[in-house]
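Shared between the two complexes below is chain A, which pairs with chain B and chain C, respectively.
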Partner chain A sequence: MSAASMTRQARRVRFRYAFYRNLGLTLNIFPPFIYLMLLFYAPMAIMLVMSFWKSGFMTLEPAFTLDNYVKFFTTPIYVRAMVNTFLIATGSMIALILVGYPIAYYLARYAPQWESLILYFLIIPVEINFLVRIFAWKIALGRSGIINSALMSLGLIEEPLKFLLYSKTAVVIVLLHEWLPYVVIPIYLALKGVSPDVIDAARTLGSDRWSVFRHVLLPLSVPGLFASFVLVYIPMLGEFAVPALVGGPSAYMLGNVIESQFLSAGNWGVGSAIGFILLTITLALVAIVIKVAGVEELM
Partner chain B sequence: MERLRTGRFWLGFYTLAVMAFLIYLPIVLLITFSFNDSTIMSLPWSGFTLKWYEKILERPDLLESLLNSLWVALIVTAVSLVLGVLAANAMARYRYRGRILFTGYVSIPFVMPWLILGISLLLFFNWVGIQLSMFTVILSHISFTTPLVAVLVAARLHQFEPDLDSAARDLGCNALDAFRLVTFPIIAPAVIAAGILAFNWSFDAFVVTHFVIGSEVTFPIWVWSALRYPRNLPIINAVSSIIIVVEMGLIFLAEWLRRRGGGERLL
Partner chain C sequence: MSNREITLEVRELTKRFGSLVAVDHVSFEIRRGEFFSLLGPSGSGKTTILRMVGGLLTPDEGQVFLGGKDITFDPPEKRDVNIVFQNYALFPHLNVYDNVAFGPRRHRWPEAKIREEVTRLLEMVHLTGYEQKYPRQLSGGEKQRVALIRALITRPQLLLLDEPLGALDLKIRQSLQLELVDIQEETGITFIYVTHDQSEALTMADRLAVMDKGRVLQIGDPKTIYEQPQNRFVAHFIGNTNMLEGKVAAVEGQDVRVRVPKLGEFWGRPLDGADVRPGQSVTMSIRPEKMRISRQEPERPGYNKIAGVVEDLIYVGVSTEFIVRVSPVKTLRIFAQNISREDDLWQITWDDPVWVYWRPERSLVLVE
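Let's look at the complex of A and B:
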């Protein structure tokens, strides 16, 4: 066989390879692309468009008006719901990191024999229906609930603590319960990924345990913190079942306003506008995290 | 050394205390009160009973909702595994312009609050003129389980050399064989884990379902409406207790199988 025909054959093989490769890529891309286009992106676009439509009770007419947005920003209860949402979500996020970080640290550094057992017990409740777990908290937090009964029988309080249920406190407690595993596990994975050699090196060079934590472990766990922020803070902004069941009117969040616009107040235009505001906030937060942390850190 | 040991002790103590009070207290109460002979869930204890468990069988609506959730979750899992693995292939096995863009395209639904997905799908079905039913529930669930599967499987694919696939192709495999014989065995643990998670997400999905379900009922929807009637509450306790025990059993079974088979961790 001549050299020329060999290269020709090689070229043909390479061409055929490239063709099938592209065909494979196309077949892989298209089904999920089209599905998400139809059942994720198109609905989002429709929500955006309808947020500008003229909207009344159970009516929605094509138009271009900012009325729905104006109505949202000028109605005090809606604005208060937005303030509540940020207060509750931010407060819970800070509390989650403060509560969860030591647990992640313990799991990653100090508990080789208990590590997987504790992780299992952290993950198991996630498998239990969330509404059921919110309801379980009502048993614990109610006026004659277990916590009040216990505190009263110990003589620590004379009357039931009213702020335990139907309050912002209750919402924060249930959110801590719901999201703790999602905060602990990414931080745990980040800390687990730190090579023991790095820590030994720091120790050898004279760092005490605090400065090892402050200058080595904490900076290296930042990707875990970002991951838990994306996993937890954003969904908390869209929460509505928790405030509806344990929060009461004083703890109503944006989610409750949106839900009632769609399912009881019948004003879909205002609901869409609030939904779109929440969507914009979500994408902005994700963009900030990607900008600060870098895509590679999160993937 | 002494300080290190006490530090470890207190951290361990702290971990157990948080797990006990923040994670397990309500679950233990829930199971305990499913045996309490009263519709009011507070102390003092009114006596032991199994009647709430018997009442489950008298509630055909509850059993139907469980069955509905089960078959919805099975269909959703099957479809989203196919779509998700395809998406993961495109995200991790090929190099092309627009790969990052496609990755973002598939990942954005993963971070979108479910509430927003729920209302936008409600608007969409209404606008297109599709009657709300179990079918719209299934379509909606697939929108959030597909990105879940894609992200998990792509993460696994990123860990292995893309060259392995090319090597199989060079050695004469066609694309399908290369996937079946080389790639799939590598991603199988991630696919199984993603399938389990997708099933759970669909079975427990309340927020999205709340907006796109018509007159039919899935289990979370049943719980949501049952929560409004106090006489139902102990039955919710009983059925949840059963589900908790079954799920803990399944997790330990999966773990036991994994250890026995010497396979990779699922969780």
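Let's look at the complex of A and C:
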């Protein structure tokens, strides 16, 4: 028997062994796997196919075409919605990290006795109905809302601030509030997982507080940052309710375009195509972030 | 030795946690290049002292001097003191090379010099080729060696080691003990080595401090600590010992006669300068290897002797350990060398009536 065929046989035996050994596991993941397939991947596959079909108002013809994609890239309002989407999601993500990281850091490092209380307060708003929260913001941010009234009665401004409502700023403010717990908690958990001795070791080796943060805590919180990113940035790219209610036309996002293609324009082909463009860009972004942050190394 | 330069001086150092006094007015001096050990049971305050010396904890009272300079309130990064932690505390996100290079980088060494030193130190601890591995891929002993050279590389004036071998099994422990002593001699760096294993402290340290409940009970070289413990705790904690409690019956020059209830009277000798008076309660401490055993009543004038029955004997190659019951509530431990000259020894077996005897100066009379 040649060496090559021997290794081939060995590999086959090993494969069979692995199969039987994992049989229990295989049987266990089977039902959720079927569920995912039927209710998630199958509709997605159908959408992918539809995005290449000829389609118009309430019509869909199974004939291959790239028109839907071409239409998206040649319609200025759609392209602007795409730009808006990335501006708003990225801006909100940056704001979320700038606000959320210090909270997580403080919770994990300096507030052992307040920890659960602060986390609790952070989570309560999530439990309040989403629409109620958005309408509350609408009242607060409006032209005669509490923020403007307060600023005016303090004499800080003469006229109500217009950009507070029906603007990208408004969308960012509401998104910040909506997603904050999802940013704070993963970062908090990552920082909490850093052993105090590791920090002490860095100190004795010559790191001051800033250097400990820069060279130890920040790199060790990358998995938390990554989790926040996946948990928050991706859903924000698909956001449609917040821009529809507090954003106004200048904050029109891809989610709104997709919604209107399916629900009012009745053009499922274009809607599907935009959905896939968004999905592709999202996956590419996740891949880039994994690569750049070196998350694999840490997980 | 005594007039060598002092590296560390700790003066009346005290730390309280609530009502607990974790470290209670501790003072000691450590000379340059010394291998000093802090020995004490769990919770006696060893780690707390190290943390105050390293700057990770602020003392409530007292001062710390390094090379004559008061560093009591300096932050850790400003002190020329490094620590090897009991649980290694390697940086999980950095590989072996970057872990070892962490200190030098904070001190802004040129990369070329870092490369050279890291390579040399990895070779010294037999870890060449491990540069790219991450801490989670290392065994306990390997992690320990990385932690050691990470702390050594910047050649601090003082290295604090907190039970660095505590988590390792006996074999690796022993080989790393030797390695540590070699490295300490080679580098000439002053070591404070914390342990609660008395044999480790006795074999490795030039001098040691025995601690209990936040206080230092005795400081000395291993031989002094073993042969002349200052009090019951030290005698009991370091090595094995037999304790006989009684009252002083008479004082004759250097020697003291102690009456031990139900066992008789024995002669012993207090430490130099100890104030012993008739009627005082004392404890006699006799090391097991200082006692002898025989089946015939010994005819040696002046020796202490006591009759008993062999309850157990454990043959351990070079020696035999006897447990002899001398009263319903008291047994003595005796280590006897297995030398052919003492034929008698071979014939002693379970339940034999025997005599235990020892020279008066072998029983140390302790007042505390």
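Convention: the second predicted complex is superposed on the first by the 258 of 299 C-alpha atoms of A that agree within 3 Å, B and C clash if a C-alpha of one lies under 4 Å from a C-alpha of the other, contacts with A are read in each partner's own complex, and residues count from 1 in each chain.
Methods note: a contact is a pair of C-beta atoms (placed from the backbone, for glycine too) under 8 Å apart; a residue touches a chain by one contact, two chains touch by 3 or more.
All values reported here derive from a predicted model rather than from experimental measurement.
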Under the stated touch criterion, which partner chain does A:145 make contact with: chain B (first), chain C (second), both, or neither?
first
For A:195, using the defined touch cut-off, is the partner it touches chain B, chain C, both, or neither? Pick first, second, both or neither.
second
Touched partner set for A:165, first chain B, second chain C, both or neither:
neither
On chain A, which partner touches more residues: chain B or chain C?
B
Scan A:204 for contacts with chain B and chain C and give back first, second, both or neither.
second
Is A:215 touching the first partner chain B, the second partner chain C, both, or neither of them?
second
Which partner does A:122 reach: the first (chain B), the second (chain C), both, or neither?
first
Regarding the shared-chain residue A:273, is it in contact with chain B (first), chain C (second), both, or neither?
neither
So in the complex, which bits of chain B are touching chain A?
4, 7-8, 11-12, 14-15, 18-19, 22-27, 29-30, 33, 40-43, 82-84, 86-87, 89-90, 93-94, 96, 100, 102-103, 105-106, 108-109, 111-117, 119-124, 127, 139-140, 142-143, 146-147, 150, 155, 158, 169, 174-175, 200, 204, 206-207, 210-211, 219-220, 223-224, 227, 233, 236, 240, 243-244, 247-248, 251, 255, 267
So, in the complex, the side of chain A touching chain C is made of residues 195, 197-198, 200-208, 211, 215-216, 219-220, 222, 297-298
Residue positions on chain A within touch of chain B in the complex are 17, 20-21, 23-25, 27-29, 31-33, 35-36, 39-40, 42-44, 46-47, 50, 99, 102-103, 105-107, 110-111, 114, 118-125, 127-133, 135-140, 142, 144-146, 149, 173, 176-177, 180, 209, 230, 234-235, 237-241, 245, 255, 258-259, 262-263, 268, 271-272, 275, 278-279, 282-283, 286, 295, 299
Could you please specify the touching residues of chain C with respect to chain A in the complex?
54-56, 75-77, 79, 81-83, 85, 87, 89-93, 102-103, 106-107, 150-151, 154
